[in-house]
Amino acid sequence: MFTLQEIKRSLLVSIWFVFLTFPLMVIRVDSIEKTVQWRWMNMVYVAIGSFLLSFVFRYMLQRKEMKSDDNGDDDKKDKTGRSFIHQGLADPRYRNIILGSLLAVALIFPHVFSTYQTSIMTTALMYVVLGLGLNIVVGLAGLLDLGYVAFYAVGAYTYALLYHFFGLGFWVALPIGGLLAAAFGILLGIPVLRLRGDYLAIVTLGFGEIIRLVMENWGEFSQGPSGVSNIPRPSFLGIDMSLDTALIYTYYLMLLFVIFTIFFVNRLQDSRLGRAWIALREDEIACQAMGIDKMKTKLVAFSLGAFWAGIVGVIFAAKTTFISPRSFTFIESAIILSIVVLGGMGSIIGVIIGAFILILLPEYLRALSEYRMLAFGAILVCMMVFRPQGIIGSIRRTYTYKKQTDGEVS
Amino acid sequence: MDYFIELLFSGLSRGAIYALIALGYTMVYGIIGLINFAHGEIYMIGAFTSFIIATILTILGFPALAIIVLAGLAAVIWSASYGYTIEKIAYKPLRHAPRLSALISAIGMSMFLQNYVLLAQTSDFLPFPQLIPDFAFMEPIAHIVGSSDMVILVVTTVVMICLTILIKYTRIGKAMRATSQDRTMAMLVGINVNRIISVTFIIGSSLAAIGGMLVASHIGQINFYIGFIAGIKAFTAAVLGGIGSIPGAVLGSVVLGLTESFATGYISSDYEDVFAFSLLVLILIFKPSGILGKVDTQKV
Amino acid sequence: MHQPILQVAGLTMDFGGIRALNNLDLDVSEGEIVALIGPNGAGKTTFFNCVTGIYKPTKGSIDLFHKKKNRQISLLGMKPNQVTEQGLARTFQNIRLFSQMTVLENVMIGRHCRTKAFILGALLRDKKTMQEEDEIIQTSHEILTKIGLQRYENEIAKNLPYGAQRRLEIARALATEPVLLLLDEPAAGMNPQETIELVNLIQEIASEGQSILLIEHDMKLVMSLSERIFVMDYGKKIAQGTPEEIRNNPAVIKAYLGEEVDA
């Protein structure tokens, strides 16, 4: 690996990157004070960093190419090698132990850790659900939705404005927020889902921005850029709760919702509908030739995803008690997409792990949080280039209940 | 009437800038069928590079013309280098991957570059020096057409003519057209497709860099986020004209520029971006092939 | 003569100024194997695409006679999935499997249009849904056994050998319970051994009363399988009849068959 030639190549790469990053990394000017600041140390960092990274990059590329060369064998190897998590979950005994202990940890979490930690964990759980919702759209049905945050915004604003104008409470707003987001999904979906994949991505992106800009500019309706404040936290049988209790309550609410979502998405995946989505992702024309209504199937995926985003939107508004258009920028959509891509498109466990990594890591490693978006961008690129299936790739199910059918057959 | 002409010219110069960026989208799309989401960031990097170089040269006391030329040159060189490098890192390994993988990679690259500039420079708006002086001969009509509008229009026209000549009459242009029609076939007749793709990225990025410098000098401030909005608008223009078509990109840009200019001038400036995004959504829904684009049918 | 189950009359398809299909008539009776042949570019696949709703023909009629419903249904203007629902299932010339799904799942997709479960069914997993799921798996399994692919059942489709992929396409189409099965060059790219196996398979399927319309280049296969043959050239029908008649038809020999029959 460390042949002279390789080192020479990396040296060239390093020189190239020093040149490339020179004006932006090294120089910083102030056009008013008329001063120039030279940051030569950055040049050294870039040189060393790119020298090392170029080895990694080449090595990873080679590994990937070798993999795709002997495809058949490797798939099998990969299946057993990679997925001890899958295997663990496949065995019902282990599964019960793993899930049981996870649940126990989740249940006692707010009593062991501070409310601050609980609040962060609630946020992470929200992103788990958002990721799972987007996973239906992107991972299963293969529709790249870059405006997912729009539906999230619809949910949040539904609760905020319903409370603001009509004084409606959380529990009434929750289903309305979800349904309204789903309705937006259908309205946008009908004309848009006919489009080819990459156009769909851009239109949804445009739609997301439109929703945000309207909220920003339509002052009388949405209170403009200053946002809506004093949104009440979720209520429980009208009991007055202290701030801490309310936060813990929100946490449990979210936990319940996460469990329900996992349960639902898992069942969806293994259903007639879920199979149709995956088939649609693979080949639209063949899918139609098999009698699958393309529009209807896509529309269901799109609006289901929107529904989930809407619900989380309501919970988000209730949790933070304040929303403004700034919470619903494209970056938010990009974060949710990163979660799905990092975890593994179509894989429930993957998406959950992805959400925890991407949301909790920057929270706890404060020093890193500055580099958060930089890292998200890099993650998207690296995952696509080196590991398109994500950390936990989705495995095709090999019909477990097929065995009993087998028994009947043979 | 004066107001109308003022809006007309500001619309045209907007359109000219969009065209400079839209060409990069359309050329890359024509050759590898990818929406190069990071293209707006190239434009932003062009603006930043020219800002840095121009400021240094101003401090050193260079004459105005030299500053414009050198800053422009630097913007082109570095933007082109970024374009080239991005293709090699984020797109080339995905040449045979599904379309969506490459698009996700492009989105990632765009986020990366935005935040790279944010961290390496600043998140504040930077005042951009006015590189283009107010010409004396423009004085009588200065209240309608600004000098920089004029310069933008002239520069864009010259660049367009050069590009047309390059694509129509040179060897590399021919190879580019061949590659965009059928990549495999082009490879079979001995065209170095990888090189053509690199050249396309370099040309597209250079155009964007010129656009970046002109806009920055015209508007007077830059920030790391300018590439995102400009990129989407230019993409709208490219789709409006028919993505993959070079005259289409120019036509689409002019239409978009005029629409924005008149809509903000006569209706409301609050919804400036909403107009562009709505236009994008509407075109893609009702005429995805654009004004000059060809319909691509899927082969069964 | 049986009642024809598929009756195509005056089918014309224009692409811009090019007439790909010109006033084409074709019929398939119940339980028949019919072949559509013709030189490259004669418009055979275009014909399939028109019949299955992927293209909208310029003129003409396409009617399917549904025995169970005992009535004629016009397929004109239907979307591909509706055509399949009515009872026409096809395979593709260039294999279009769901390559990341397992073999069994590929066939299960074929059951989609004959089953109903939806969101609520998926969520609740009520008795009806579970019965339906069992039925889907059971039927798909049986079809795979019949086609001879049961040992690949849990393989990812793209990892199958070429011949098996082609057979899987047939299995998938059969899962939609077609009134008429359309095969678009099922032997394309197969070696002689695989072709023989394919002929046996098609005959076996047909012996169960399945009507089949196939497009094929391999003359031996067409001649040995089909009961009637339609010959196309430049979008027009130039002959029709039994294999014997086609073999001796001068127009056909001139247009297309000449050397191949001699050889």
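Labels A, B and C are assigned to the chains in the order they are written; within every chain, residues are numbered from 1.
In the analysis below, contacts are C-beta pairs under 8 Å (C-beta built on N, C-alpha and C of every residue); 3 or more make two chains touch, one makes a residue touch a chain.
As the structure is a prediction and not an experimental result, all values here were calculated from the model.
Overall, the chain located most centrally, as judged by its C-alpha mean against the mean of all protein C-alpha atoms, is A.
Among the inter-chain contacts, the highest number of C-beta pairs connects A-B. Computed centre separation for the pair chain A/chain B is 30 angstrom, with centres defined by C-alpha atoms.
As a whole-number value, the distance joining the C-alpha centres of chain B and chain C reads 49 Å. Rounded to whole angstrom, the centroid-to-centroid distance between chain A and chain C, based on C-alpha atoms, equals 41 Å.
Shared interface positions of chain A, defined as residues touching 2 or more other chains, are 285.
In chain B, the positions touching at least two other chains are 300. Multi-chain contact residues, meaning those touching two or more other chains, occur in chain C at positions 54, 92.
By the touch criterion given at the top, residues 71-72, 75, 264, 267-268, 270-276, 278-279, 282-283, 285-294, 300, 304, 396-399, 401-402, 405-406, 408-409 of chain A touch chain C in their complex.
Considering their complex, residues 52, 54, 79-81, 84-85, 89-90, 92, 96-102, 104-105, 108-110, 112-115, 117-119, 121-123, 125, 129, 132-134, 136-138, 141-142, 145, 153-154, 156, 159, 172-173, 176 of chain C touch chain A.
Contact residues of chain B toward chain A in the complex are 34-35, 45, 48-49, 51-53, 55-56, 58-59, 74, 78, 81-82, 85, 89-90, 93-94, 97, 99-105, 107-122, 126-129, 228, 232, 235-236, 239, 270-271, 273-274, 277-278, 280-281, 284-285, 288, 298, 300.
Note for the complex: chain A touches chain B at residues 16-17, 19-21, 23-25, 27-32, 34-36, 42, 57, 61, 64, 142, 144, 146, 191-192, 195-199, 201-203, 205-207, 209-210, 213-214, 217, 285, 330-331, 334, 337-338, 341, 370-371, 373-374, 376-385, 388.
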